[in-house]
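Note that the chains are named A, B, C, D, E, F, G and H in the order they appear, and that numbering of residues resets to 1 at the start of each chain.
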């Protein structure tokens, strides 16, 4: 069966999304177990794929039995071999964690919720696994549409924010589609590898240049890269916690993956860094992105919104890293996809737990939270430390590679931006810790012992949270292995 | 000069697709009404479809459905130059479907927004948001 | 949706003016309408399809069966009506064509007349038709719409017509000859 | 140029003539109700004539397939004949319900 | 014959411009509906003409038929609006 | 030099982490909880001690936990310097644990479980830093230590604690992220490795002198825990913490990790040759000397006992930096030795301050006139310890100061000798009056008139022990002196 | 905002125009797009899949995977609309007032606070804004709807030979039900196709598609390789491809049909399913 | 490909598109958008993309216009631009 893993990876969630949908009409209680089973199979096959890639190298799976330029093919190489397990496992953990929230928030609509959830994961996995440029667009739309649906169910402002997201997302996806069209018009192919093969003689063509720019702008829109980020904070903040903790970790990261895929596979580094030579400008844009994300986060008095701005800043990390144009920077960017997915999941799960128990996430609501929810906050500390970049959590190591790349590329601005944002993160998170820790104030001497009333989230929410939190540390400790066995093969040979 | 004119003439489809697309894009950015923006979004999408379909056009070719598909001379040789490139059409079928799906979702969102704020004008909604 | 309510409301009642059976498709005992619908539809299918190999014909049978199952209660045909209608429709259609042609010439004349504004004098004419059946009324209304300078504005189920006429001459002859012809088709010529 | 083609052309041109009437009519007529007259009638007849022309022309190379295609064209005509008055009625009904007063002689064009 | 069809179709396109003008200038929504409906009926004819120009009549008939059906639905839907929203005539406010 | 691969360094680090769950679980029964703390402290000390013979034999113990990239790993290497530091801190943890029990129970503090947990984490990090074999590991444990100290600093959870905590974080974490991290990466980029080596990892690289200068000061100021001016002002602020915290952490673990890190940087990253050839050592010496003088002067004007001790610490820490930066073998020996000597002395002083606070609630020196009548044992210990800090016999401090002074001479830097002596004079000026007033002045406060009433036994015994050790160290400085000498020998070859 | 929009638009347009200069001329038969992949499709489709409509063949076979997700897109749009708009009974604030109309006389009865009429043949439930359907429209549509549906099925069935296919047929089929809802009212349409049925049909449609693919997988071929169905259908592999295409087209049709109705129901009644457009 | 008609219809498309965006009434915009879809459908068939034309006819002209009208029905016709 293992040769069918690439298909199973996407098909099992798809089919089970349909089954979940039907189950929603028949008996709502079946939805959740089916969804869990489906995502478990995906996770299993993605891990299986990763090991196959490690053993055998690139895997090509022909859908419909048609060989690649004619039909659609899946290419699983080291890059998506790494990203796939992350996507599926993050989705699985969040799914388990979301059970109670969903029951609390949409008692009548669990069926559609899980349907959309599983479909979204299908879309994201498909984006990562596919080797066809147009197929990617379709899957992108699945992920986006379901994402709109999931995000819009939230607070009063959620629909408006989501509609804005929808406008931006549509422009982004259409730009991507247009860029693929430009490539198609000059090459006549839609398969990524095939396009890459046909492109080199056309590097000087204006159409290829425009295709690249348009694709990039489209992808940046989708990932909320700096000047195009305006939709993200509101959309993620006002959504329900189960959805935002799925979408915040995954969507931007998957889009970064798409960007790297575009840069590495379709338009080869030779074109991006030698022919085009705009990477300095992009890195500076990333610098501004990081700085703005940090500063805007500092302004917020609301935990979830603050985190969304951190997401914006993190996007800056990855884009900047990928555009540094050297091995270390790219390693950092790829590593950060993994790490950032995990740490964002961690903090957003914490927000989910807080919302579940306290029904609020403004700073004012967090008073005394360390006493109320010590375990949740414990995980939050780990997640926060990882975002700050404290060793041995994984956030440190991706930052390590990013800074190393910045130094090697002599992009000191980027280095400073990374450090600056880490410092701001320290401020941000310790501000939250302070509020959760001290308020309401005890008397001046602090000797009075307030018996803490524990109101911890249920076990289904805590267990996934701790799995993530521990994996933050484990991934950090095994960074060396990840880099040596996977990430270094991502980067094409001959790349500096 | 003649080059320019011949270029303009030879690719007029592309110019018009760009025009349409820019109309849509401008509407999406600058219009104040949410439904107008959705209309703009659809125009934007159709412009891209126009672009793709324009790629497929081939002078002196017919529609991509084989003549004499079945029947006595079903197995005569098919020449590629006789038929329009079908691939962009396939892609655009998908794109149209995506467009209508997005439209449905966008309208559903607009209705929800209207239920919340009783208006579809973005500035009025934002004013209400700020008041709260 | 309340199941019980649905069931209850769905019981058969012939006297009602309700047009569509609430039973949903396919719960009637009488198979006549289905068969008739099926054959009408199959005739249309053959025209549409133009393929006579067994594969496509069997597809056609399946399709027609599905549509008949779903929508026979919409069409509500009967064997007798079908035959009679076909025979009687043809002369009426020819007559109608003639009328339409005349009407169109009239309107075209108006359209291209330089002083068109002086010629036209829109007004609303009201009258009561003797026709009873829905189908007859609708045929009449549509015919009015298609012919000389008149458009049906409103028809009540009882046969009250409101007609917008573009000028005096158009509105005069109503209900007139047309009503009689339609009454003949639908066998309502008793009046 | 055989006789068939001439018939086809005549039918086609008369169809186009009526369609022209429809197009001009909806521009020239003074109000909504009167505009419906050309829109509802002239277009229908115009289409009818043009379609008949096409159906005939299609029979040029006679075959079963061509006949069926011609029948299909006539099916469109039938459909238009059923649908067009209904649509016209729908619009006029909407006008009445929206409270649009009919134009009467002597008023300004609107 | 092809050229006749070609010029006829160009002429039809011109007629569509006229209808489109009505659809653009209004003044009421209903006038626009009339204009669009008129465009629709011309489109059906035009589609079949294109079929002849491509010499693939049989392929275009289906589209024309579908077109006639769906145009009808759209017009009905728009007119239906006024049955439910009686007297709502707020276009004048922004004219 | 021969090396042994052994897991013992890792165990030494982990043992205090492992008891945290036990501490948390047994939070309802304080006795059990504190037993666990003791067990861990003793176990840690024993593990460290078990490595001592091997180190003294001249071998090194190496253990690689995980390799991230070439030249950067989590790796432990126990050498003489690390052993010295680990010995000091692990032995003092035992004593401090005992003291903590007395102090915390005496004041009925809240959150004691949390306190013991983070205390344990801090100790792990300290030992980890002591045994780290490369810059990355050092940085890792340094960061953990910084963050784990934060809850201890802000233990009281009041406004003052909050602002102090912020200041602490801003200085320590800010400096380490903003300065050490980039400096470390630049190093890595230059040298391709972060492994400490005898000659310094930067020795063979083609770094320009100005880059070296910048790097050095990024490190020196980046390890803000060492409280080199101008990065010092978190230390007095952090004195809001409970006294055992101040005692162990701000006299031993935290600040010493800072200094230790600087010593590692100077010896392991830059190397003696590089420093002396580019005169960078001199620059560091100047900064250190400045800190010594200014710190001492400020200490002179303090009234709060703990704040006084804090500024004294600032000054004393710079002795160590100065000694190492002199680059003369004797000076380096003195500097390293001072890590141990100052630790025992200063911790005694802090214990005394805490004991006074527990027993009487006094914090300011001006309120302690005549306190010797009530707490003679405590004040006697205070006296001994202050002698050690001043650098007078019969205390251990004398030895280290002696070596330092010799070092200045050996390096032909008479100026720094003057600084040393003058600062010792200043030390005497602010310490001796306290003891004098405590014993020989009439108490103003009626509270001191009563009979002898010491702090709880758990408070007093530890400070007596540390004071005693301070004295013993003068006569038997063996393990520490030998370790320091071994280290210096391995670096300089003398 | 307008100025920003203008600037962005102009910049984008300028970029696109600039790039278009390097395009091959429009409708050039020698352009890469026309010479690289498409000749294969055009020339080989018939022998590889035995489907004359190349678009259908490419759509459902060569790029069948795209189409499966296209159907999924539609499906998810339906679910999203339902998820966003449908107001469940629990969410409604107060017990609703119900209206009933006596079918024969047209008398309307109002029942307050959630009381229900006992099931009766003579009354039908209506809504507060109910308007009597127009006779002409109603009758006209009644006659047209079956033919529209038949045409839709024809389109699905003849996707191989003429333009059209599952998607178009499905839309027209859905439109016919929408037409019913428009010409009568939403309740009538919902009675004929209940919400649950629609919801299940949606999923079933996509399931037919994906399930066919998965069946190929179980028959030891790659996903969506319809030639694997040869053994099941007892035909040669090429005809099996053709039949496979038909099967998935039917799936697409069902999914699209149901989704279109679903979206319409939700949008036109804003989720209350009372009174549609 | 019949370029004169193509050009004519392209012009119409642009006009209809602008019209749909300029109309100060959402119902009117929806209707004009329907007209825009008609034009598009014609355009596709002129370019020989029959399947696309079919889809556009069924989707653009039929269903999406109905969706628009339904949405406008459920919200408001009012618009300022």
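Everything below uses one rule, namely that contacts are C-beta pairs under 8 Å (C-beta built on N, C-alpha and C of every residue); 3 or more make two chains touch, one makes a residue touch a chain.
Bear in mind the structure is a predicted one, so any value in this text is a computation, not a measurement.
Undergrad: Starting at subunit F, how many touching-chain steps does it take at least to reach subunit G?
TA: The fewest steps needed to get from subunit F to subunit G is 2.
Undergrad: In terms of C-beta pairs in contact, which of B-G and D-G ranks higher?
TA: When D-G is set beside B-G, the one with more contacts is B-G.
Undergrad: So the centre of each chain is just the mean of its C-alpha atoms; given that, what is the distance between subunit A and subunit C in Å?
TA: So the centroids are 59 Å from each other.
Undergrad: I'd like the Å distance between the centres of subunit A and subunit F, where a centre is the mean of that chain's Cα atoms.
TA: 43
Undergrad: Roughly how far is subunit C from subunit F, going centre to centre by Cα mean, in whole Å?
TA: Measuring from centre to centre gives 100 Å for this pair.
Undergrad: Rounded to the nearest whole Å, what is the centre-to-centre distance of subunit B and subunit H, using the mean of the C-alpha atoms as each centre?
TA: From the centre of subunit B to the centre of subunit H is 11 Å.
Undergrad: Indicate the residues of subunit G shared as contacts by at least two other chains.
TA: In subunit G, 16, 20-21, 23, 27, 31, 33-34, 37-38, 41, 53, 55, 59, 63, 66, 70, 73, 76-77, 80, 84, 134, 136-137, 140-141, 143-144, 147, 151, 155, 158, 161-164, 167-168, 172, 175, 178, 182, 263, 267, 270, 277 touch at least two other chains.
Undergrad: Can you list the subunit D residues in contact with two or more other chains?
TA: 22, 24, 36, 44, 65, 69, 72, 75, 79, 82-86, 88-90, 93
Undergrad: Residue numbers of subunit G touching subunit B in their complex, please.
TA: Residues 1-2, 4-6, 8-10, 12-13, 16-17, 20-21, 23, 25-29, 31, 33-34, 37-39, 41-43, 45-46, 51-55, 58-59, 63, 66-67, 70-71, 73-74, 76-78, 80-81, 84-85, 160-163, 167, 263, 266-267, 270 of subunit G touch subunit B in their complex.
Undergrad: Under the stated contact criterion, what part of subunit B meets subunit A in this complex?
TA: Subunit B residues touching subunit A: 21, 25, 28, 34, 37, 41, 44-45, 48, 51-52, 55, 87-88, 91, 94-95, 98, 101-102, 105-106, 109-110, 112-113, 116-117, 125, 129.
Undergrad: Where on subunit G does subunit A make contact in their complex?
TA: 15-16, 18-24, 31-38, 40-41, 61-66, 68-70, 72-73, 75-77, 79-80, 82-84, 86, 88, 90-91, 196, 199-200, 202-204, 206-207, 210-211, 213-214, 217, 221-227
Undergrad: Hey, which residues of subunit G end up touching subunit H in the complex?
TA: Touch residues, subunit G against subunit H: 27, 53, 55-56, 59, 155, 163-165, 167-168, 171-172, 174-175, 178, 182, 260, 263-264, 267-270, 276-277.
Undergrad: Enumerate the contact residues on subunit D facing subunit G in the complex.
TA: For this pair, the touching residues of subunit D are 79, 82-83, 85-86, 89-90, 93.
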